[in-house]
Every structure is written in C-alpha cells, then in structure tokens.
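Written below as structure tokens is the structure these notes are about.
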Amino acid sequence: MTTPQPEHHPRIGVWIAGAHGDIAATLITGVSALAMSLVPTTGLTTVMPPFDRLPLLDPRDIRFGGIDVRSSSLASAAKSLEERSHTVDRDLLDAVGVRLKEIEQDILSRPDVVWDPSAPANRPPTSLVEVIEAVKEQLRAFRAKHALERVIVVNLSSVQPTPVSSPLTESLRGLEQLIADNRKDLVTSSACYAYAALVERCPYINFTPNVGTRWGSIAELAKRNRIPFCGDDGKTGETLVKTALAHMFACRNLQVMSWEGVNLLGNNDGRALENPLNREMKLRHKERVLDGILGYSPHVGVSINYVPSLGDWKTAWNLIHFRGFLGVPMTMQFIWQGCDSVLAAPLVFDLVRLVDFACCQGEYGPLRHLAVFFKSPLGVAEMDLQSQYRMLLHYAEQHLQNPAE
Amino acid sequence: MTTPQPEHHPRIGVWIAGAHGDIAATLITGVSALAMSLVPTTGLTTVMPPFDRLPLLDPRDIRFGGIDVRSSSLASAAKSLEERSHTVDRDLLDAVGVRLKEIEQDILSRPDVVWDPSAPANRPPTSLVEVIEAVKEQLRAFRAKHALERVIVVNLSSVQPTPVSSPLTESLRGLEQLIADNRKDLVTSSACYAYAALVERCPYINFTPNVGTRWGSIAELAKRNRIPFCGDDGKTGETLVKTALAHMFACRNLQVMSWEGVNLLGNNDGRALENPLNREMKLRHKERVLDGILGYSPHVGVSINYVPSLGDWKTAWNLIHFRGFLGVPMTMQFIWQGCDSVLAAPLVFDLVRLVDFACCQGEYGPLRHLAVFFKSPLGVAEMDLQSQYRMLLHYAEQHLQNPAE
Amino acid sequence: MTTPQPEHHPRIGVWIAGAHGDIAATLITGVSALAMSLVPTTGLTTVMPPFDRLPLLDPRDIRFGGIDVRSSSLASAAKSLEERSHTVDRDLLDAVGVRLKEIEQDILSRPDVVWDPSAPANRPPTSLVEVIEAVKEQLRAFRAKHALERVIVVNLSSVQPTPVSSPLTESLRGLEQLIADNRKDLVTSSACYAYAALVERCPYINFTPNVGTRWGSIAELAKRNRIPFCGDDGKTGETLVKTALAHMFACRNLQVMSWEGVNLLGNNDGRALENPLNREMKLRHKERVLDGILGYSPHVGVSINYVPSLGDWKTAWNLIHFRGFLGVPMTMQFIWQGCDSVLAAPLVFDLVRLVDFACCQGEYGPLRHLAVFFKSPLGVAEMDLQSQYRMLLHYAEQHLQNPAE
Amino acid sequence: MTTPQPEHHPRIGVWIAGAHGDIAATLITGVSALAMSLVPTTGLTTVMPPFDRLPLLDPRDIRFGGIDVRSSSLASAAKSLEERSHTVDRDLLDAVGVRLKEIEQDILSRPDVVWDPSAPANRPPTSLVEVIEAVKEQLRAFRAKHALERVIVVNLSSVQPTPVSSPLTESLRGLEQLIADNRKDLVTSSACYAYAALVERCPYINFTPNVGTRWGSIAELAKRNRIPFCGDDGKTGETLVKTALAHMFACRNLQVMSWEGVNLLGNNDGRALENPLNREMKLRHKERVLDGILGYSPHVGVSINYVPSLGDWKTAWNLIHFRGFLGVPMTMQFIWQGCDSVLAAPLVFDLVRLVDFACCQGEYGPLRHLAVFFKSPLGVAEMDLQSQYRMLLHYAEQHLQNPAE
C-alpha cells in the first residue's frame, strides 16, 4: 500500500449493515490504521502476490457508513475491543479516535428495520416498501454527501431466522410481488438490503448466512443492473480449518466416520445463535462443507454454545474419528482459539477490494472466484480451501495477463 | 482389485529391510488379507480414481521376503499387533497365519549387518564389501527361488545416526572407493542396501530418514542401471497434518510465529529416537517442511519423547501460535492419535505398486511424482500436501492419456 | 482376594436391571475373570487399603441374574466388547464363555416392563401392580433357585424421562396409592424396581439417573424393612474429573467464569440421551456438582452428542474459563477418552461389596458413605471427590476399629 | 482488607531478589492496586475464610525494595505486562505509576552478584564474603531508611544450575567454611541470599527451585536466630494441576502408566531453562510429585520448550495414559494456558502475609504448613494439593482457636 498523501479524498463508500458490531468496529479501526500505516497487513489476502499487482483499492480511498439496530456507537464498540477482547491497544484507539467519530456521523441507528420472520408480534409497523425505500434513500444520500463514485454494501448484521422458502423469490417479479404484499414472513431485512442495494446499483457482499443472495430474483436483478454480488457467510474459523484439512483424509483414503464440532463463543453472534431458529441456518452451512471434499457423508455434528465470558474469542473443538488401513479407527482433534472479528474483518476488506475491482472490470452477477472467503459460496460447489484459493489465483493471473482497458 | 483366481503365481518380490518390525508385519498381514479379500482398501491411495485405472500390481502378485537384525518372527510381530496395538483381530491373524509362516522362510535374521557409524566399537567384523556382497546374493537368491520378474527393495529399518558427510559419496566412483576402504564411519548399512539393490537392478524405496538416497553416487548408479528409486521417510502422521494445514495460514496471510510439535510414541522407532544422534536426523526432516509453504521460517520445535506404554500408537500435539489482522495473536492446536504402522503400511503398498508401474514404463532415477508419500521427497522442493498430490494426479492422468505400449 | 477353592457355592445374588447392556456384560465378564484370577484388580477401590482389611464379598460368592428389555444375550454383548470396544480379548472371552452361558439362564427378556412416562401410547398394557408383582416374583425365584442368602438389585437400565413430580411419592402410602391407581405417568419402571426390591428386602443400587431413590416413600420403605440402598448415577467420567478438579480452583481463589463440557458417545446411553427428555435429567445431575465445591455458580454448559462410531468409548472435552490475580482470564481444557462400561463396572462391583457389607452390619436406609461412587449421591451435599473419598475411608476405619459381632 | 486510611505508614519491608522480573512487576503492581482498592482479590488464598479472620498484613503495610541483575526498570517491566502479556491495562498502570517510580528508588541493579557455579569463567571477581556483606548491608539500609519493623526476603530470581552437593553445606560451620574459602562452585548466589537474610534475622521465602533452603546449615541458622523460612519453587501451573488430579487416579485404583508433560513458555524462565543444567533441577522437582500420591512411580516425562512468541503465557499439555478395569488402557489430556506471573504473584503475597504472621507468633524454621504453595515443600512429603491445603486450614483453625497474646 502506498505512502500516505495529504488531502486524500475517498472515492469509494462502504455501507455496512451492522455497523456497530464487533466486526465492523475491527474493520473500520483496522482500515483506518492501515490508512495511517500504523499496523501491518497481516491477515489480508489481497496484499500478497500476485494480488498486490492488481490495482486494488487503497485504504485511504474508502469512506465508511452504515446502519445498525443498536443505538450504541462505533467508539464504544472499539473501546470494548480494547477492554474486553484485547485486540486493539490504547495507542491505536487514540490514533483512530477522531476518524471513528467522523464515521459515526454516517451511521444510522434504526431498530425499526429488523424483524423476525417467524414472530409476527416482533415485526415493526413499517412496510417492506417503506423499509426498502429507506435503505435506497440512505445509500443515495451517503453517495451524494461524499461525492462517491460507488457505494459497496456489506451485510455484517446478526444471524436471522430463515423464513419458509417460497417459489416467488426465484423471480424478480415474484419478489417484487412479495414486497408489494408486505410479506415480512418471507422477505427478511437482509433480503431487503440485497434488493435495495442492487436496485441502487451498489455491489453487495453478504458476509452473513442470512437469506437473499441465493434467490433467483436477486441474481436476476444483479444481472439486469450489471452489478456484482457475493456471499454467503464469511469463512473465518472452524469451517476454514475443516475445508483446509478434509482433503488430507480424502487423498490418503482415510475414511472419516464422524466429524464433530463444538463452538463456544460469547459475542452477539453467539447470543443470536442460542435461538434454535437462527442456529439451524448457520449449522446447515457448516454441515454441508465436507461431503464434496470427501465424496461421501460422514456423521457430522456441529454445536454452537453461548459462553458469555469468552466474548468475541471463539473456541472450537473438533473431533475427527476415522478409519485407516485394516479398518483401524484413529482420532484427530483440533482446538481453534481465535477472535471472530479479527478473523472476519480482513476478509471483508479483501472482499471490498476485490468487488470494487470486479466493478472496474465490468463484471457482474455472483462472483464465483471469491468462493475462498465464504462458508457457502454462491454458485460454487467446490468446498476445498486450496482449490478455492487456486480459483482466486487463476482470476488474478488472468487479469494480470489481460488487463482491462 | 480383481477377484481371486486359483493357482496364482506371484511375479514381483518385495524385499524388506526391517522385515520383523511393526510396519512390515502390518504390511504383510494387510496385503495378504487384501489378496484374500478379507479387509477393505481403506488407507490406500492407489485404489482411488484415477489410479484405479492404471494397471497396478494386484496383492496376489507379490511375494514378500527380507531381512532383520532381530531374530524374532513375523508371526510374533503380528501377534503383538493383535494383543498390544489392537490393530488386527484374531480372526484375521488366523486367516493369514499360514501365509505368514511361508513368508518367514524368506526372512533372514542378520544382526551382523547393522552398525552405528559414530560408534567404532559397535561395528561388526564383516567388511562393507562383504555386507554388500551378502545383500546382493540374498536378492539374487530370492529372485531365483521364486522365479520373480523383479524384486523391489523397501527400507523399513530403524533410524540410524547420520554419518559425517563426505564429498566422495557424491560420485559413484567415490562411493565405491569408500566401500573398498571399508569406511563404516561414512557408509551406513542403509546406504549399502541402496547401493546393493541398484547394482542388482532392484528398484529401491527408502521409507526411513536414513542416508543414501540423497547421495549423488546413488542417483548416478540408478541412472546408469536405469532403475527407479524414491524416498525419504514416509509421511504418516504429524508431518502429514502440518503439510496439509500450513497452506491455510499462508493463503489467509496469517503469520505463524511458532509451530511447536511434540510426539509421544512407544515403539522401536521411539526407542531409537531416544538416541540424540538418531533424533537429530529425524527432526531435521520434520523441521524443514514449513518454510517453503509459508515463505518464511517460524520458530519451530519438534520433540520426540519415548513413552513405552503407548506402543505403536503415537500421540502428537502441535501448538501453532499465529498473528492475524492488527497483529492479534491467536492459537490453534491439534492432537493426532494414530497407529504408526497402520498409517505407514498402506503407503508402502502404494509405493510398491507405483514403483513397479514406473519400472514397466521404463522410468528410472528418483521418482519425483511420489513426493506426496515422503517427509523429505527426493528432488522436490514442494512440501504442500495438496500440491504434491496434484503432482501424482498429473502423473496418472498423463499415463492414462498416453499409455505405454 | 483369596485363592480359588473347589466347589464354591455362591451365596449372594446380584440381580441386574439392564443385564444385556455393556456395563452388565463388562461387570459379569470381569467378576467371572476375577473369580478365576485371570485379570488384575485395577479399577477397584475396595481392593486397596484399608478396604482390603474389611471382610468383603469374594467374586466367587456372587451369582448374577437379571432382566433386560432387549432380547439379545450376554454372550453377544460380551462379543461386542471384544470386537467393537476392544476392552476384552478373545482368550478372556473363551475363558468365561461357559459361565456367561450359565448366567444367561437367569436373565429374563421382558420388553413389556419399561415405558415412557411422557408417552401414553408407549405404555405396555401390564398394570403397575402386575409389573411389581412380576419383579417380586422374579427376585424370589432367583433367590430360591440358587439358595441365596441375599439378592442385591442393581439398576443399570437406560436413562428414562423424568416424570412430573407428585407429592404423593413422598410417603409410602402415597406411592402405594399411585401404584394402585396405575399411574404410569408418575411411577416409572425404575421406581417399580426400587419399590419391589425393598419390599422383597433386597438392597438396591441405583446406578442410573432414573427417579425413585430420591422419593420419601422409598426411604420410608427402606427404613421400615431395614434395608440399605444407594444412588444415584455412577460417577464414571467427566463428572469424576470435574469433582476432582474443582477444588483446585476453589483453594487458589481462581474464579471460574464458565465450565463447559461436551460429551461425545456412541453407546445405548448416547442414543437414549438423544431424547431431550432423557437428557434433561442427566444434565441436571451433571450441572449441579460444581456449585457446592466452588461456593458460587459459574456458567455451566453440559452437552451430550450421540456419535455412533465411538461406540462405548466416550470422549469428553471440557473448557474452564477462569480469572486469576488482577482479573486476568485464563483457560484450562481437558479431554477424557474412556470406555464407559470399563469405568462403570468396577464401581458396581465395589458397590455390591460395600452394600453387602452394610447388610451384614445391619445398616439400612440411604448409604451416605458411598457418595464417592455417584454423580448425585443420596443425602449428601458434598460433591468434592476427595472429601467424599475421605467419608468412605472414615467409614472403613470406624468398622476396622469396632468390628461388628 | 480494611478500608484505606490517610497517612498510612508501611511497617513491613519485602525485599525481592529478581525485582525487575515479571513476577515482581505483577506482584508490586497488584499489591499497589489492592492498596488502592482498584482490583478484586481473585487469586489470593488468604482473603478467603478462615484465613480472612487472621490478623494478616494489609497491602498498605508493605514497602517493596530489592535487587536485580538486570538494569531495566520496574516501570518497563510493568509496561511489558500491558503491551506484551495483556495482564494489566493502561488505566491500572497509570494509577500505580507514581508508586512504581517510588519503589524503583529501592531497587538495586547488581549484575555482579549472580554467577554460574558450573562455569568458572563467568564468576564475578567479588568474593562470597563480599557478596554476603553487600546483601546484609542492603537489607539493613532498607530497614533503616523506612523504619521497618521487619524485612521479608523473597527470592524470585532466575533458575540457576545446581552445584555439586557437598557434605559441608549440611552444617552452619561447614557452610561458613565454604564461604570463607570462596567456593563459588558450591555456594550459589541464591544460597548467599538465604544465608545473609537469616543472619540479618529476615524471614526468607524461596519461590525458586534454586538451592540453599534445603541445606542443613540454613535450617540450623534459622533455628539459632529463630527466624522462619519456606520454599521451594512456587506451585503455579502444571504441577498444581498434577497434584490436584493425581488423587483421582489413586482413589479409583486407575493405574497410571505414563504421565507426560510438555511446557511451552517464552519468558525469562523459559530462556533460562533452555540451559540443560538449569532444566535438570526444575524437572527433578516436577517429576517427583506423583509418586507419593499414587504409591508407585509411573513413567514420567516433563519437557520445557522455549517458545519466545508466548511471552509470559505458558501452555502446558499433559497426557496421562492409564489402565482401568480389565487392564483397559485409557487416556486423559489437559491443556493449561495460564500467565505465569499472574499465577505466581498472588502466591507470593499470600506467603508474605503468612510468613509475617508466623513471625508475630514466634514461629521459626521451615514453615511446613505452607506446603500448598510449593512444588517441592520443605520438610513435607505430602504432595497432594488438597491434603496440603487441609494442613494450611488446620494451621489457621488452630490459631483462631488459640490466638497468641
């Protein structure tokens, strides 16, 4: 990344749904610190060869804004990164403090725009049409205020229950009918974000397991408006390890009988996942990853337990019970102790840079080459981490050989 | 593998140095059981696509023989697999008992042909020339007795101290001078096996970390006689996992600060590795594997502790201390509980099949496409498991597209 | 234990509910092997000083019998210990085979006497009165057939759902009313065992978490008939470790914030615990153990996941998140890989010996000195393993000093 | 602890050998913070019942001073606790900053008074007599300067090689002869501290494994001067867990075959323990602890590996391989991730309080009731944590029942 220059005007907006959360606070603090050359680039894929030869966004080119259901502040979220998670230190916080306050000006607290599709009582009075108009209006206002070339929308919101599936979501016409009919039982707030972003010609990154990006209607809209999008669900911890490790068992013909995973975590995500409805969606993503790599379906268990004292630090324990030669059973275990937001934030920044680049190249629809960043990549069956990474390498090399005009 | 036929005459010999050890007993029991279709093919790479489409050796085509410093028997080694390691059961032992007795006829107990290069007092009176003549004679006799087309020599012997390196080992002429001078301080018994095998035009598989295969003289001899060989040191447990996992850290730009490994084991190998001279060689192999994958050298520790009660079951614990975004330190640990000989034996059988196939194709010298099977592959810098596996896939696909006449 | 004598006539009967299960098979195989001096006494508390100086039951003095809902056999259960769990070997099985067949004569398969209190549809037609009469009749017949001095009833049956609690179970009169009214929603089959045993003046050991022994009615009956009983729920694995370890945190004033436990198991118990109703009862026992030792209630999670491939081998992982000086959070984890029935069986034999001894001493009611054997000991608040063990030591020493006439 | 009062004059001095180390910095920061009621008392044994009813030292009654071979400062050590170990936060550092500067006035940097008994070349020119006079002089000066009633000397220095043992150290006369003869190969700097402290009638706490306190001469001197002392080697992490857990195996008659421990650490202690001479002493302490509890000697391995990136955070992994009923082998593992200085510092404060109390009671010689705090307690064979704790409870209860005048 280049050395800082005075008077740099950010040209790209990043609009975050869930802007007061731990990932957002880590992302904004980190990108601000990178812009000031205060921290190393560890954890970022796009700074490594060959990606470093692509003309990707500079941290100083980004202006953040967003929305959150919580009325807390970015500053208090960042403070808790220092005091609770010990992931940023006081000096860094002090250095980015002014910038965080500035960004806070562009964060809206809107507890009225999230609802639980399975709980009619909890749905806010605003209609879907009004919600979507509000989101569109916010995106337009943000772009106009800062004279931004482009606004990229990133969904970092909490896990939501999956609504009943409907064939109507598979066509744009059907989805728009559901919106007109105010079907909050079928169209979630995350789906509204995806829809509104694409209508406003904003690229959309779904870092959550929440529905929307997988619907035919969303792909249709992205294609019509020639806008790229990607998702679902950032691959940060346990699933990252699983998809890195499973190939070893496959290539040695070691037969995995059971692969059991337990995740202990204490952040908002953990709290949301205590709700069995939310959990079901998350777990489905996590359970699916092994079959393609192994070529068969072992017994898989994934549990997520809320342990408040752990805060944003997740501990995952996995036990893999497998057979080797002569059918002999053996065991491998791993324990992953990572900070969720520290693992997620650099992926989001990588995605913003690569999505922005894709826009510059005129690419649109689901960005399949970004599979390596997601638990449940759109339009990609390949789950093996290294194969996914080679897809990304291949993409970069193609562009380095044939740069767009 | 094809269905058994009556009156099957084995055409390929496998001559094992270390034929009374746990790996040999597991290999011979397992291949015998495969020949009788008593066990599944779990753990074997070469039974999976696309390798299953190559005309590889049938288990029934193999006749085993070998040599060991121990005067114990194959039957007692197999018995201890049942009673101590619980890796074979009584019914299987009973089924292969007759065959094991038969094979025992071709196993020589020769405590006189192994010596410690660093301990002059322990060297047997036999000269290097005599040792080599004896090995050659044994190989010729084994081939003649069973009318074998070819004998493949597999080194499964215990870990030996590494001798001081000498420039003379780099040319065949130099090595032959050292042999003539009876330099037992420089030429080990494993090196004698390699030399004698290749002189006798027997392909050679070095499954141990012992020296020889890396010498220029051995490559020169293999080339002159147009014989293939491969090594070093079977990749069975901790190193397998390390080389499968390290890419994950690399592709996410997670900076590994320390990668500490501890191996507890209770078999012969563990006892041999109590000797610090032997250990040094082994550890050097194990320590080297990460640098190429990561692109830098983290702090690496590998310890091997002898814990008799564990027998052939090895427990490896690894702690990986790494930095992520914002320099935040995080931790991953894994625990591998595997049976060494059960992990090693199928690799040996895969190697025998692939080396035999290479012979049929007229390939010779170090077989680089077999890197995936070794901790320290000859002539290959690539340490990443998946990349190594792709090399093997590529080899198979080439041969499937252009089968030799 | 004394040397075997010819013509030994067993004088004490042990009647097992769940006699075809893994624990029963391990117990019967093990006690038979002890009677023949084929195995060491590892795992038994009562063979150590000072208990070895008490006149406790000899293995040869015991005759086993029992009942099971499964129509399988003791021999097939024992066979699966060899083949699946690798906890007994072929030679041992062969040695005890005849005895197991003999004992099988005294095991009844009665799928009609177990029901789910929460599922009216699954209740068998037999009335509670009939069930209890049947049990009583079986106990009388077993005692008479073998001219036994005493029959000790041991409950090793599967976990059952806990019924709604009723004040009527608190008095014997109330319980007998419920039985007369055939209230299968309130009186479980385990409670019937307890009641029938005590009516028949048979001491009763509840090794399960199933209800009954905690009811006032059962204590009243035991007191009236002057019969001892004990329970609940054998302390075999994770809870054993927890109650051994918690004192360390207490005495160092290390503040446990969270103690999370995950149990993976694949036996019948695991299958039964998939049913959330059964699980609830088990978990309640497990969760309660820390509070008394620590003096406060940390966040506690206990999950039990059914992993069929593990069979009778349970893996428990616990994460303990605690604060030390200056409030610094630290972590301890443990992993327990034990075979459930191998851990449980010696406790059952110890209990049989100590309950028999208590009978000889004229002791009756809940045997509080046996707390060390149970997750949820009757009438004892002390949960610390070592304190419980001292209670048992104290009991033994009292009896050694003042032997009964 | 009582509420703060204005104008409090500390009456007890604590003189630390190793005053610039991590433990000292944590201790001094922590006790200062306790004096200002800024932190909870977590981690302290002596604040719990019944110890809280003894008239123990208030944190405000202590004045710290000491000596270190390093010329760094307390402030920089405390700063590294914040930045490297994350065990204190900025606000706390700021709050105690002034006090730390004040205490620094009483810390001497003396690189000339530590030497390696096994390396003649490294011995400083000062003679033993001069070293001891210097220490005595320092203690007198410190006491006089602050008008202290008593100075307690605490050894927190680095691990030193154990000298060859000599019968002369067993009598005071012999030791004084060795000192007069300047036998630096036999009398270490830690031994000089012990000797000088007791001569100056200062109680002495040996929190290290370094020699001295175990010598007959030191006990003789303590008895003659009627001064208490205690040691050796604070029981903070892995050994704490081992001595808490071993009883579980003993009381269940589970036969421990192997107990293997691996300690990864990155602090000064870790660096010192890279020296095999230092390590030997430490490991001897650690290996000895199980035999007494178990009643036999299992295979024990303890390794200490220096992993710089871990800093003051130690990770210990232990594998316990044991047999249960029928001789079945099972496994328990634990992983301890604790901060060494955070675990050690409260023990030191507890010891200071209890040693001061012992002085007030006129107790002298080795304080056996403090065994619970040490890996290798003086004059106590009992290694079981809970039994040791009961010794301390018993001591407190005796004193509460019969308070001294």
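We just call them A, B, C and D in the order they show up, numbering each chain from 1.
Here is the rule we go by: contacts are C-beta pairs under 8 Å (C-beta built on N, C-alpha and C of every residue); 3 or more make two chains touch, one makes a residue touch a chain.
Just so we're clear, the structure is a prediction, and the values are computed from it rather than from any experiment.
*Asks:* Please identify each chain that touches chain B as well as chain C.
*Replies:* A, D
*Asks:* Where are there more C-beta contacts: A-C or A-D?
*Replies:* Higher C-beta contact count between the two pairs: A-C.
*Asks:* For chain C versus chain D, what separation do you get between their C-alpha means, in angstrom?
*Replies:* Taking the average C-alpha coordinate of chain C and of chain D, the gap between them is 45 Å.
*Asks:* Round to the nearest whole Å and give the separation of the Cα centres of chain A and chain D.
*Replies:* 49
*Asks:* For chain C, jot down the residues that touch at least 2 other chains.
*Replies:* 331, 333, 335, 337
*Asks:* Under the stated contact criterion, what part of chain A meets chain C in this complex?
*Replies:* 257-258, 260, 262, 264, 299, 301, 303, 305, 307-310, 315, 317, 319, 321, 329, 331, 333, 335, 337
*Asks:* Per the contact definition, I'd like the list of chain B residues that touch chain A in the complex.
*Replies:* Listed in rising order, the residues of chain B that touch chain A are 26, 29-30, 33, 39-45, 47-48, 87-88, 92, 240-241, 244-245, 247-248, 251-255, 323-328, 330-339, 342-343, 345-346, 372, 384-386, 389.
*Asks:* Within their complex, state which residues of chain C touch chain B.
*Replies:* It comes out as residues 83, 86, 89-90, 335.
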